[in-house]
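Two complexes follow with subunit A in common, the first pairing it with subunit B and the second with subunit C.
This part shows the complex of A and B:
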């Protein structure tokens, strides 16, 4: 069989052709401002940050090149960094486990057939999305207040006074208190993504499963969950990235305390850079976080196969 | 639309965007269109005393300034604080004297203040601030960045509102009260005009207490006479009473994350420094010291206090070993006694949350500071009576290291209002107006009014401080105060990590030894980082002062300069040694 291969067009060929040349120039001109600002505000700081990880810099004196010393210091001498990595691991694992209530809730809601009920739950799920994240955190801070907070007051009211705790002030409780936040851990954005995924599945699959008499549990494991693996992967990568690099929750709620029990590398990086003016060490942490996040995301992409893969 | 037209339109839009962005980056009234070269020249000239000397001409010679707005950043306007009212009153008076100048205050809460400050100090636009209120730690962060105007040359000149006196002379302690401020930065510059302070008063963080609760708990003695042991015993008494009669969660005191170091300061501030001084006297200053006597007054005096501490930290004198073990064991034992009086979870609570506990009667005492007096009065009005007492005195009964004295003020200014070099420092007209405003601000007449409105202290000479505030400062009697090195120095010098280490100790996750080792390690790193660039800067200061000494005519000035040079030489040796030991 004779096959013909379309010859590759060189960039210079475009400029040889009058109309194409103008169109290309137009295209480049439109892209230019975005590309310029992208390079200036995204790429330059990123590369500068990578470079800074190999320097000792306090923010104003001349940076001193120290090679990989910042990384050696972090892993060999920095007690707080190692502690923060341990805390990060708990947050990442906790975050992954707490993805499942959302999946289960999505499947249960997908099974609701009543259109009015569907409308109601969609509205109910969308309302929390308009409440700023910070407001939610401050509400939880109030809930956990040991003297005035709802949680301790409620426990006292129902006669469980002995269970009252210093939720955010006890080094042994604080990290679990932060993980408990958001109970019952149904994330509205993720629910909408999962339901969207389930609705995209051909309805004949559900009809066949009903004809075959597949039970609700088997239906979840054999059909529903496998069919939304693509969406799960998307949310999984988001959860991993948030768990590894995020620190808003810890900064607002506990500032990494008490006794560093909720300190995570992202927050430590922020504190080193903006409180202690140790920009080189902070940049080194950012590189470590990037590497960890990349590795975990790659593993999840590699080993979780969705129907699209 | 043809392609050609589209390209032309896009080019016009791009040019417009570029023009707008350029204007935003330097919108100095649009009329002051300086070239880069001019700006560079002005930057250079702002670094020299000559520039600021021009601006210091008294108001009689320059009665009018150009029309302009002076913008002042402060954190003192939250809920119209008494300080804010005082500042506004001075500004209103100034605008009557100088109607061509508008004074605007830019309110910025302390949370995030340093970030906004740093951003503003990079700008010279109309919206950038001219003056910023600064706390000591803020000055510490930016002192060597060349972002603030050196006000020293202006201070040497006559104040426009003090007759023939120089601006320096209008302040309590005069020029000598700025020695530490000048020595602390590598330019030898005065980076702020003091405000709301008296350098001779050691302002305490006293304890405010609910008089009704004390009475009901059967406490009859006057807390103002209490020793440490009395304080702990009575605090336990009122705590027990409160648990039975008020609430099972009742505690003696309220504290919070912002005042975490208060108790450590209170304890450490009363610890003697004998162990430290004995070792310091043995330091060999070698050739660099050029024959300076380590026992001379300028070495033993206060001006090298922080240099001595940094030297001690880097040389391991203050590690947990030898005699220091008992020192730190006692300190943390005493700290634990106070800690047992606080509400549960105080480490993670804000100042506002802990104050609520006091106002709502869930605690009998709380730590306070001088700025909170008005708030306490407002929030307890009609509910209960309160009074205040100074932190109690440690005695030998509590620890062998107790001096039996309160901390003594060091007579030095540490904070106040700084001037944005990029904006005011580069514009002689603006700098003149800003300096004039600050001279007006610190004038005797205005400060007399200010202390009444703000209920604050004044750095200006002959201003009568409010009587009611005297209970909030340590007494001045020489036999009751001492200027000892703080015992908690390593812990505090660990920078931002020390509260966490102390929390670990308090929650049983670190021993005293582990606490001291962790903080000493961080403190050493900080000291080396801070001072690694200092020796060259100090050498430059020594050279400048030696030049001044050659030209000096006045004997007193010669003496002062000679003393400064000796102090700087010692500091140079200490910094270099500290860096060497740190590495």
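This part shows the complex of A and C:
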């Protein structure tokens, strides 16, 4: 994996006086700071998190070892946790379905003939990425505002007053309102990544398909989608991980309410840890989520692989 | 004049092309819609928002911006400080280590590289609570430090790997000739390796910067009481509850909060687009 200039050096050779020793010293000096940060602020919390899941800890007393009791409690007695897992399933499935508008937009953009127009669209698509995501969320919070929010005012304007709702305040609607929020569900960063994938392909392939007179829909399934499968897999894993472990959206928009209808396990974990000081139970949820996202990613990649053959 | 050019233009364009443009233009309008709404609301009083949301007419209330500026300015400052220090620290560490792994000989190289490589395979999605615990024990809560230090730690695995791969792709002779001329290792790094890595450095900087700029939960956890240190994300969420009855001022604040990154984008646009569309981001 690593190329060295000279084959096989003995350990003592590195410390010989002169050039070797300076190079050893500089090499270690260059690498160790990065290693230190990675170990202390990334590896250590990862290991500590696994350990914490087997302890009860309230933030100041000595942690008490409880074995797998935290996990048993979650799955056997904790109705809120089970409810949050159900909600999470909806968010994950929603997230996967809503990946497709992005793919369609990417292919449409790629097929535009005029290269100048193409560039303009790409620049425009970059702009949502540099707007702080919190601004988008807070604007949607206003759009859903039941009293004078945009949505209800708009429904009144077009004479559909009967459809006005309290959206995020309605236990039956809140989860769907949250899923609707990304409308039109085009993740612009992903568009650029897909476009990159399509551009990296040898251009003769498009000329051949042109000559064969392949229709636009068939061209998508036979050519374009298979070509961006690598990018799709990466985004798929991103979407799964975000769906399983993410909770910023729910935290800001509804804080899990009303009546826990938008509570997701990640948010429940946050509340257990930082509101109820039940750090052990919270760490156990983290481990469960970690395992679920890893498993789902692995299964979906396997599934795509088997389809490829 | 307009009529004369549109007709042949349309015929040349064809229905298929027209459909594509229509799809993309509608997508763009819908994507930008919340922000366009924000812009037009930011010039209105609360009364105008409640009763004339759909009318774009004067009097425009520019004073919303004056009021919002006082609230937004410290938030932008905090976010900038955290983001810039994080970028400088993590780019410095990652490029140094990446260069050393690619071009220097030293003992335990494989073992040390495994520290970074293995962490890429084990993502830190369960890190929040133990990281908080660590920050608590280090006594650095309610400062910028947790954001900066943990950012440097967690960006290392991926970016050390990227930097190493990049330097390995550069011709060895460049480095050898400088070494033969008797240049010190630090000089080789700072005058040859680092400038060579420029494209990667820019990409990493943008990446780390936008990550810190948008981070919500980690600063929320590690800045529990000192609201004077709030970054934009936390600050805007807080203002949204404080200024509930002054949507004009609030949306003016949102608009102001968008500006710094937009300016940065204008300067780095080429790198930004090239980096993402290079076709190398895949599995």
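Here is the rule we go by: the second predicted complex is superposed on the first by the 279 of 309 C-alpha atoms of A that agree within 3 Å, B and C clash if a C-alpha of one lies under 4 Å from a C-alpha of the other, contacts with A are read in each partner's own complex, and residues count from 1 in each chain.
Here is the rule we go by: a residue touches a chain if its C-beta (ideal position, glycine included) is under 8 Å from a C-beta of that chain, and two chains touch if they have at least 3 such contacts.
Note that the coordinates shown come from a computational prediction; the quantities given were computed from them, not determined experimentally.
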item	value
Subunit B versus subunit C as contact partner of A:222, first or second or both or neither	neither
Partner chain(s) touched by A:299 [first = subunit B, second = subunit C, both, neither]	neither
Touching partner for A:22 - first (subunit B), second (subunit C), both, neither	both
Partner chain(s) touched by A:254 [first = subunit B, second = subunit C, both, neither]	first
Subunit B or subunit C, by number of subunit A residues touched	C
Which of subunit B and subunit C A:138 touches, first, second, both or neither	second
Touching partner for A:30 - first (subunit B), second (subunit C), both, neither	both
Partner chain in contact with A:274 - subunit B first, subunit C second, else both or neither	both
Contacts of A:148 with subunit B and subunit C, given as first, second, both or neither	both
Touching partner for A:170 - first (subunit B), second (subunit C), both, neither	first
Set of subunit A residues, in rising order, touched by both subunit B and subunit C	22-23, 26, 30, 33, 148, 274
Residue numbers on subunit A that touch subunit C, as the complex places them	1-6, 9, 11, 14, 20, 22-24, 26-28, 30-35, 37-46, 48-50, 52, 59, 105, 108-109, 111-114, 117, 121-136, 138-143, 148, 150, 153, 157, 183-184, 186, 188-189, 192-193, 195-197, 199-200, 216, 230-231, 233-234, 237, 241, 245, 247-248, 251-252, 269-270, 273-274, 279, 282-283, 286-287, 289-290, 293, 301
Residues of subunit C that touch subunit A when the two form their complex	16-17, 20-21, 23-24, 27-28, 30-32, 34-35, 37-38, 41, 49-50, 53-54, 93-94, 96-97, 99-101, 104-107, 109-110, 112-113, 115-116, 119, 122-134, 136, 149-150, 152-154, 156-157, 160, 168, 172, 185-186, 189, 210, 213-214, 216-217, 221, 232-233, 236-237, 240, 247, 250-251, 254, 257-258, 261-262, 264-265, 269, 272-273, 276-283
Residues of subunit B touching subunit A in the complex	3, 6-7, 10-11, 14, 17, 115, 141, 144-145, 249, 257, 343-349, 353, 356-357, 362, 495-497, 499-500, 503-504, 506-507, 509, 518, 526, 529, 533
Subunit A - residues contacting subunit B, complex	22-23, 25-26, 29-30, 33, 58, 60-61, 79-80, 145-148, 166-172, 174, 254-260, 263, 271, 274-278
